[in-house]
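See the structures that follow.
Shared between the two complexes below is chain A, which pairs with chain B and chain C, respectively.
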Partner chain A sequence: MVVYALWVINKTGGLIFDREFASGLPELSTNAFLKFASAFHTQHAIAAQLSPVPDCKGIEVIEAECFKLFCYETPTAIKFIVITDSTVQVVDSLLRDIYQLYSDYVLKNPFYEVEQPIRVEHWETKLAQLVGEWNV
Partner chain B sequence: NPALNPRATLSLIVIMSSSSSSSSAAVLTSGEGDEVKEQAVRRPLVDIVDKPLSRGKSQVTLSSFSYLFSELVQYWQSRVESTQELERRLSDAGYPIGLRVLELLSWREKQGKKEKSLLAVLQFIRSVVWRSLFGKVADGLEKSTKSDDEYYIYDNDPLTNRFISVPKDFGHLNCGAFIAGVVNGVLDGAEFTATVTAHNVPNGGPAQTVFVVNFDQDVVKRDAAVNGYK
Partner chain C sequence: STVGGCRMIYALYIFNRTGSCIHFSEWHRTRPVPNAEQRDQEFKLMAGFLYSLKQFITTLSTKKENDSLICYKTNKYKLHYYETATGQRLAITTDLTVPDMRDELQKLYSAFFVEYVIKDPLYTPNTVISNPLFKENLDKWIKKLPAYATQPPYS
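Entry: the complex of A and B
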């Protein structure tokens, strides 16, 4: 059970945080990640509108042959995306804990501007701790 | 008071006819779920200032305080030129709280008794004030070896700083300056004038803060004359 990476995407589709927690992902430039994030954001929006079922919320899981991608969208349109290996079934609690850490250490920090790239020390330490518990 | 209930969509006042045994007025309200509650006899409206003071809730959620404090820091940050001035503004914001806290706690916790010595007022701050504001006593109280007017109060995890990560270009800013202002207010109100500043402890834990209290010279002299050195 390995969590490879976390992405945080803001309301307008811009990538505001990306962190790798385990090796295995290909080395890519920051620009590539920015493009992936906005691509995902548009697909997420399209999926929500295309759905035949009313009140659809958008993409939640993408299952591929060797990895899974989970997305949690908060009521404020922030998306938390974790990329894990294929053995992981459910990461709901992890996503909610990450959201909790975000609302504590990022939003209560007076030096952080909302919707901007996240560069907050406490958040990164706590995040590393949380994912470390999952990756063990 | 049913008129103030935000969930009431309908309120009817039904007056039971005098032919029935009870002649009380019943107020029917219907909320979202269409539940009907019947209230007792309508009391005459009481002016809120005539009601006795309640003791009040002694606790506020940490999140509310953190968001409010974060706004306070952001407000001043856009209006000051240096980190010292930001710390001073935060300290000024805490000062009136200290004055009020002294009065309140002297009344509630000590039956109006006044502290008469330097050490006693510091112990009061360290235990009573800290416990009432933060739910725990301060982690340390020390006298400086360098000068006889300097004392240190330690807190391993000040509430103001818990969710704040100071970016590198802000240097040694410590938002515990707010708490330093509170302590300053308490001391000034108790007539032990001093200056109080908050500093990060270099070798201590990651969040440890020391509040350095520098008493005025005449306070130190007065204390020595009244109490002598014990």
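Entry: the complex of A and C
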């Protein structure tokens, strides 16, 4: 059970945070990640449009052969995306904990402006600790 | 009211290698019925969407082009995907309780697509499937699957 990476996407599809926690994904440039974030943001919305039933909110899990991608969208349209290996079944609690850390260390930081790239040391430390527990 | 934990198959799309929709079946539709133009838009959107998901996955994966979408889930439905070696793309939307349908999609391809479409001497490759045997037999088979419920979940 390995968590490879976390991305945080703001409500317009901009990547505001990305961190790799374990190797297992291909080497990609920052530009590539920005493109991904924006691509995923669109795909998330299109999946809701294509829904055969009403009230669909968007993609929550993508399963490929080598990895899985889990997405949690907050009520304020921030998306937390966690990319893991294919053995992981459920990461709900991890996503909720990440959101909790975001609320406590990022949103409550008076110098942080919402929707902007996140550069908060405490958040990064706590995050590393949290994911470290998962990756043991 | 909804029937809890009810299995349901919603729709099947088959696209050829250039992304045109060559077959579409649906069951238990709850959204309003679209007209032909809206239908066409939906197919184009689905084809483009599946293609972009495929690109997304091959770039993110260490297996590159050999990796493929297995399925994705939203809060309301699941889409199972299977792409053949010849580039035919099958996508089936179901409710969330239905487990992996890759085997069924493979079966669908070999038992119905190959039998009634590929082996049909009147069929031109990559065109819309018009053979009624394909549709009828496929329909009968889908309705017998455990994933298909007879009672629509929304009333």
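FYI, the second predicted complex is superposed on the first by the 136 of 136 C-alpha atoms of A that agree within 3 Å, B and C clash if a C-alpha of one lies under 4 Å from a C-alpha of the other, contacts with A are read in each partner's own complex, and residues count from 1 in each chain.
The rule is short, and it goes like this: a residue touches a chain if its C-beta (ideal position, glycine included) is under 8 Å from a C-beta of that chain, and two chains touch if they have at least 3 such contacts.
What you are looking at is a predicted structure, and each value in this text was computed from that prediction instead of being measured.
After the overlay on chain A, what do you see for chain B versus chain C, clash or fit?
fit
To the nearest 10 degrees, give me the chain B-chain A-chain C angle using C-alpha centres.
Here the answer is 140 degrees.
Looking at A:L34 after the superposition, I want to know if it touches chain B, chain C, both of them or none. Which is it: first, second, both, neither?
So A:L34 meets neither chain B nor chain C here.
Quick check on the superposed pair: does A:N109 touch chain B, chain C, both, or neither? Answer first, second, both or neither.
Only chain B is touched by A:N109; chain C is not.
With both complexes superposed on chain A, which partner does A:P52 reach: first (chain B), second (chain C), both or neither?
After superposition on chain A, A:P52 lies in contact with chain C alone.
Applying the document's definition of touch, where does A:V120 land relative to chain B and chain C: first, second, both, or neither?
first
Examine A:A64 and indicate which partner it touches, taking first as chain B and second as chain C; both and neither are also allowed.
In the superposed model, A:A64 contacts chain C only, not chain B.
Quick one: chain B or chain C, who's touching more of chain A?
Tallying touched residues of chain A, the top partner is C.
Can you report the least C-alpha distance between chain B and chain C in the superposed arrangement, rounded to whole Å?
Minimum over all C-alpha pairs: 18 Å.
Show me the residue ranges of chain A that touch chain B in the complex, using the header's touch definition.
Listed in rising order, the residues are 104-105, 107-111, 119-123.
Residue numbers of chain C touching chain A in their complex, please.
Going through chain C, the ones touching chain A are 10-11, 26, 28-31, 42, 45-46, 49, 52-53, 55-57, 59-64, 66-77, 79, 93, 95, 154.
In the complex, go through chain B and note every residue touching chain A.
Touch list, chain B to chain A: 63, 66-67, 69-71, 73-74, 77, 163-167, 170, 175.
Which bits of chain A are touching chain C when the two form their complex?
It is residues 24-26, 28, 32, 36, 39-40, 42-43, 46-67, 69, 83 of chain A that touch chain C.
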